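After this come two complexes, each holding subunit A, first together with subunit B and then together with subunit C.
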Partner chain A sequence: MKKSDVVVIGGGLSGLFAAAVAAQNGKKVTVLSYGAGSLTIGGGIVDIMGYADGNVPFATPIEGVKNAPEGHPYTFIGEDTVKEAVEAFKKMASAEGYAYQGSLDEMQWIPTAVGTLKPTALVPRTMDVAKMEAAKKLVVVDLAGLKDFSAPMAAKNLGLLFPNKTIETVKVPELEKSGRDMTAFDTARLLDRADIRTMFAAALKSKAGKDVCFIVPPILGTHASYVAFDDITKQVGAPLVECAAVAPSVTGIRLRELMLSILRKQGVVFIEKANVCGNIVENGKVVAVTTKDFGRQRTYRADEFVLASGGFYGAGITADQENVKEVVFDLPIVAPARVEDWTNAKMFSDAKQPFAMIGIAVNEQLQPVDAEGAVIYPNVRVVGRNLAGYDFCFEKSGNGVALTSAYKAASLIVKGGKA
Partner chain B sequence: MSKHVVNPDLCTACTVCVAHCPVAEVVREYRGPKLSGPASERLRLLSPQDDASLDFCSNCKNCDISCPSGVPISTLNMKARAKMWEGKPEPQGRKMMAHGEQMGKLLARFPGAASIVNLGMGLGKSLGMMDMVGISSKAPLPSYASTTFYKQFKSFKQKSFDKKVVFYPGCTINFNQPEIGMDVVKVLQANGYEVLVDEEFVCCGSPLVVGGYLGEANENARKNTSLMNKWRAKGYPVITACTSCGLMLKQEYQELFHHEGMDKNAENIYDIMEFLSMLDDEDKLNTNFGQVNDTMLYHAPCHLRAQGMGLPALDVLSLIPGYRIENAAAGCCGMSGSYGMQANKREISLKVGEKLFNRIRQAGVKSVVSDCGTCRLQIGDGAKVQAIHPVQIVARAYAAK
Partner chain C sequence: MEKVTAIVIGGGATGVGILRDLAMRGVDAMLIEQRDLAHGTSSRYHGLLHSGARYAVKDAEAGRECIEENTILRRIGRHCVEATEGFFVRTVEDPEDFEAKWVEGCKNCGISAVQISVEEALRLEPNLSPKIKAVYRVPDAAIDGFRMVWQNVASARRYGAKVRTYTEVVRINSTNGQVTGVTVRDYFTGQEYQIACDFVISAVGSWAGELAAKAGLQVGVQPDKGTLIAFNHRIASRVINRLHQASDGDIFVPHGSITILGTTSMAADKADDTEPSVEEVKKLLNIGRVLFENIDDYRILRAFTGTRPLYSADPNAKGRGASRGFVTLDHAHDGLKGFISIVGGKFTTYRLMAEKAVDMVCEYLGNKTPCRTAEEDIVEDPSEALMGRAKKFFPVHGASLAASRLGAEGLSRVVDKLEKQPSSRQLVCECENVTLAEVEEAAADPTSFTLSDVRRKTRMGMGTCQGAFCTYRTVGTMVANDLTNGQDSKELLKDFIEARWKGIRHVLWGNAIRETELTRGIYEGTLNVNGAMKK
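Moving on to the complex of A and B:
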């Protein structure tokens, strides 16, 4: 492989977005990814910052960013960069025909599969909660054969949340015979087909009317486009709102398709099944990373490197009884000294989990630093879930930190150094 | 010997593979990679289990490509399936397709036999005889060339060079598309390499594994490995031009078998396009190309994507003046070796390939480039376009000078 300007390690949201931003600004980018990244399971809804310590929700996402606790990635990504990143992401998505809505100034409380609400910031148009809030009657779609979604339970819980609204369910017969449990993703694939959409819409139509809003699992098409959604909405004659649901994640798969399509248009080289496990350093700078799987070791040279390997969850950081290890550059990991201290005894308590905060320490330029704060490799930037100091699951900030740190890393690279 | 342990416990049940399996996408009776692979393997380790669903797996490896945890899902499927089929009656078609090399070798001995068999297969198809043995009469079947690659190679006058490589043609190129093998030779010659062949090499064994003949595949692996050891000792790289052969020789051998030297050989085997791309990296590629004024679409074989080397054909072809090529990026073509040739899989196979066919039709190109022989068959049939190997374009560009 010829030398690139930038090599990105990891094909999750942070890696893909960093690659897109760098490529958009004229950089020759190569993405190395082992596995498809957590978008497939994690979801394409962009949380920025939902909850403060003690499980208290922030009024707006930007409030969350401003009040991020000490050591949190937002404190060194910076409020301005967060704003720019959100704008850049929305612009990119919209140019591809799959616009996101929402902003840093308004918390979106979206319904979940069990009929509770969760705070987030940017959502696809299929999750326009304003429509749900404005409706007088919510009709939860009860699709025969669909697993991981109980319409009666969702309806019951929504009833508790919205005592002034009428809550109903509507039964939809199985859309196509199936020999296995149908996931939301299987159903979304069916609804990619126009004939199935017509069947589906017909089943909803009887309950449609003024002030009605349908609540559906995320099934309105698998593609990063609103073709299926718009078609169904038009045929039903009332708004539909998708709720957040379990893996495989339809919204995440759409977002991945969106990002990959952008990368292709920008000529980014995307290498699958590239198991990055080593590096070459010359004069204190990384000059290449290496991959190895079944065959030869392969070398990928570049001027700049973005480490977007997903931390613990994405396998960028591994742990055994004695050692926590970052697999590519062997960067130091910030973790509680004793493994016993990694978990909060109260698993579902209102406090963050120490193990979730484990990650790589960086400076304001997202360069990895050692215990004394000295930069280890000046041309490596660490992004996404690799970063230490936040519990994405508890505070609801996963894709937000991924997007904004990726944007910062790419911008620094494009500007050729300091912000 | 192989450090790649086939361990189902690597699986974290994340379901990523399920979302990326093209067969599970179109066949709702298929339980998908996670359940048929690692999840069932845990049960199978306790007691033998029959899983009829395993028959659906095409060994396309999209599950392996998407898995973040390195679970060799498709190989778990192939091993479990072979075990399940053990001692049961062998369908004639499955046996035939697993042993294509035998047919090829037989035909090569009698002048004119190939055309008679091609005619016979055509007749068999039209009389429904193929369907009777389980081979689809609607599928495009590879036709046999009148002169094998090895024969053509013998009568080709090469320039002698110090730098030498060994070319492993595999069954498809040797018996069905020798012209591609000859282009490999010409292109390597144009880059200052003398090409050797070794007629002792046997079929890589990929069709045998899919057909459940693991014992025979192991024999082939043993034989090829010892020959490859010999060439490696001489310092000669081995070149392949079929991505399924390449994957089998480099990766699946290590997942399935234990023969001394397999892992080292994996480092010495190069796909032809990768080899050219590496020459280019070192500024050693002969780029004295003539104009090729054409626009084509590229289809990346799944068995190439599974090798973690990117898409070297695109790197090389983009150097040719006048020539434009774009990655179709439309997923699996559906053929996956002989999967799409089976009578009870043809329909599934075409459904899987639909996205790719549509993409090709929309692009309005007349030719599609792909490194895999069975992908090319499927594309030719499904999208009604000419399908060629990337090295053929390179050869054309040299010839145009």
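Moving on to the complex of A and C:
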């Protein structure tokens, strides 16, 4: 096995973005990934920081970054790096023809499939909330056979939030007689086809008009491009806004396609179904990680390693009755000692959940450290959900921490370790 | 003012059993339950239809009662019973000398206990520890508490009985030492009103002491807390007991595709003290490991807790049938005529308890109609024609599951709808195969007020996904079909998930923690059901 400059463990957003940034700066990168991570179930929208403790919304994402509490990843990623990371991501996305909009200076309150709004920062053009805000009438699209979207519920709750707008639903017949329930992804795949788009647009047209905005589930095409979206918008003659919805996440699938396309162009080696389970250390530095598939062990050597294995959901961190463990390097985990103290009595407690903050402690260089603050492996950087000290669900900060920590790790590696 | 002859308080197994028996004997009766049916211990228990073998040594009378009722319920309640049979297994840790005493005890009680070889037992139950020493087969079975309760109510209704859920009895009213009725409070509106009656039968399980106090009386019931763990596997196909002096954590009961291990035992302050603890869960696993060495490989779905209504007869109560598993107290002896409490007992003996309580009421009424609850099936079998129609919509095994969930009448309404309205075939819960038609059927029932009520009736959201996906789907369906009763859909979503959370947070390791990140990612991260909205 040839040696790389950088091996990234994990193919979620943080791993893919770290790989892209390092590769763009001339590094030879290999990504080892077991699965798609949370990208295809929840990704696609980049939250940066929505709420302060006490369930108080921040006015802008950057205000959230500036006021991040002690121990939060943003406090050691740093405001400047956050800004650079956001720019780098936006530049990459637009170069690929799938631009993201939004900035650190404005909160985007996007509609959800429940009919609530959620504060986020960067969104694809299919979620242009300005269009929704400007409209006098919102028409929620009720597509027959689509199982994880309730137009009546979304409409009802949006009505509570926008008492001055008219809220309606429009029934759209099944796009294809399939005889089974369709997921948002199945539907988006149909709308990749021009003939189906025409049918779909025709069904909306009767409700289109001045000051109307359609609220649709995320179904406007599966690809990281605006072809389907622009085509439908043009045919309908009124704006459409996709909302954040239940998994599978079509917007996340598009973002993954975008990232993988960039990696391909940069010549990044992307190895799927690679379960990293061990490492080789020489003289206090990691020199390789090992995978085991079908009983066969492989060794991947590199100078630098990025651990982007996604915490509990990604399975980079596991817990049994007695122990919490990081699976590749056996790094120490910061967690309350007793399982009793991991949770709040209510799941929706309007407060951070202790278990959600469980992760790996790092220094400002994103290197893993022990309880005394001593660096464990100088050439390992930890990114994304693996990091301790933040609750992405409560704060609305998941992909924000993923992108910005990944950018920082990659930049440090590119610059040879100095920030 | 509304008036009935008899009011039964408590919608657990005992209360519904009494209601059905009263109605079948022609007594005009109403059941009042503070929350949903089976809100109490009757849905927070092990679900073992005891053969009686567990009591054979210590309490022969309880053993005999169990085997008799076990035989009856397998017949009249077969839609709620899975006749799994049971094993009593002596492990390396169990003293050998108990075995002979136990065999003798079973014989005395009339409980069949047939020894089989360890090899044969391991062939039948390959997950059992190979170190086991001796095995006996007994007629234990699994019983679905909620379904049993619900079907008793459906049967009682056919005989004219009334049921009022989400209605709490706050006072027993009387004049000159004679019950005149009850004052109740509507859970949703908080409004209080009165209902008149001649008899009040208290069947409130662990709440018996609290309720008696509302009539100025004392009943010595000590709630005793027991915790159980549900695994997402059928670890064994039979009920597995330890062959030793009955003790904590020594029984596994299979229910469909899951297995329940329990139980612990400790005094509780209140009847609704139903929070499990991590410590109890770990204790159960440690004990369970003796029977199933690979227990840690099985995924835990949830932990839950119920309270046993342990009766301790105070000295003054002597001579009124103490020392039994259960007692029927006629409070005429305490100066209040028309008020009866039934306390103690087990789920297995609920029918017998009901019979004794109703005998007491009928004695006063001069009603000579004999009890027939041991003879008549609780629900009818669906006809073959109906099952044929159902099989077009349900997967093979699903049709009989649906039949037992819904009973013949319910199934017939659901199948009608599935035939006529293709849109009602939509699957609301994929894990448990629940269609929109069934959700609508459950939601239309007069005892359904909240989403959780519908969940319990249909079992949706109880499967592997722990509600991650079907919660949204179900609430959406409820809103679309105007079934939310005016409740805020965001609150419904939260309630549904909170109900599952209670069972998961004490087993938050392995897959449970991963799934929790998923569920939370969806509802809090993506859908923001609880975040403050922008000003």
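Just so it is clear, the second predicted complex is superposed on the first by the 419 of 419 C-alpha atoms of A that agree within 3 Å, B and C clash if a C-alpha of one lies under 4 Å from a C-alpha of the other, contacts with A are read in each partner's own complex, and residues count from 1 in each chain.
As a working rule, a residue touches a chain if its C-beta (ideal position, glycine included) is under 8 Å from a C-beta of that chain, and two chains touch if they have at least 3 such contacts.
If you're wondering where the values come from, they're calculated on a predicted model, not measured in any experiment.
Asker: Would subunit B and subunit C fit next to each other on subunit A once aligned, or clash?
Answerer: These partners fit in the superposed model.
Asker: Let me test your reading of the model: by the given contact rule, A:Glu176 touches which partner, first (subunit B), second (subunit C), both or neither?
Answerer: A:Glu176 contacts subunit B only, not subunit C.
Asker: Between subunit B and subunit C, whom does A:Ala315 touch in the aligned arrangement: first, second, both, or neither?
Answerer: The answer is both, since A:Ala315 touches subunit B and subunit C.
Asker: Let me test your reading of the model: by the given contact rule, A:Asp186 touches which partner, first (subunit B), second (subunit C), both or neither?
Answerer: In the superposed model, A:Asp186 contacts subunit B only, not subunit C.
Asker: When the two structures are laid over each other on chain A, which of subunit B and subunit C touches more residues of subunit A?
Answerer: Greater contact footprint in residues on subunit A: C.
Asker: Quick one: is A:Asn55 in contact with subunit B, with subunit C, with both, or with neither? Answer first, second, both or neither.
Answerer: second
Asker: For A:Arg264, select first, second, both or neither according to whether it touches subunit B, subunit C, the two together, or no partner.
Answerer: The first partner, subunit B, only.
Asker: Could you look at A:Lys273 and tell me whether it touches subunit B, subunit C, both or neither (first, second, both, neither)?
Answerer: A:Lys273 contacts subunit B only, not subunit C.
Asker: Which holds for A:Arg296: it touches subunit B only (first), subunit C only (second), both, or neither?
Answerer: first
Asker: Using only CA atoms and the superposition described at the top, report the least gap between subunit B and subunit C in Å.
Answerer: 5
Asker: On subunit A, what residues does subunit B touch that subunit C touches as well?
Answerer: 38, 41, 247, 315
Asker: Tell me, which parts of subunit B touch subunit A in their complex?
Answerer: Residues of subunit B touching subunit A: 4, 14-16, 18-20, 25, 28-32, 64-70, 250-251, 254, 263, 266-267, 269, 277, 280-281, 305-310, 315, 327, 329.
Asker: Which stretch or stretches of subunit C touch subunit A in the complex?
Answerer: Result: residues 277-278, 282, 285, 296, 423, 426-427, 469, 472-473, 475-477, 479-480, 489-490, 493-494, 497-498, 501, 505-506, 508-510, 513-514, 516-535 of subunit C touch subunit A.
Asker: Help me check something: in the complex, which residues belonging to subunit A touch subunit B?
Answerer: The touching residues are 1-2, 34-38, 40-41, 176-180, 182-183, 185-186, 189, 247-248, 253, 260, 264, 269-275, 291, 293-298, 314-315.
Asker: So in the complex, which bits of subunit A are touching subunit C?
Answerer: 38, 41-42, 47, 50-51, 55-57, 107, 109, 112-119, 144, 147-153, 156-157, 161, 181, 244-247, 249, 311-313, 315, 318-321, 338-340, 342-343, 345-348, 350, 353, 355-356, 392-394, 396, 398
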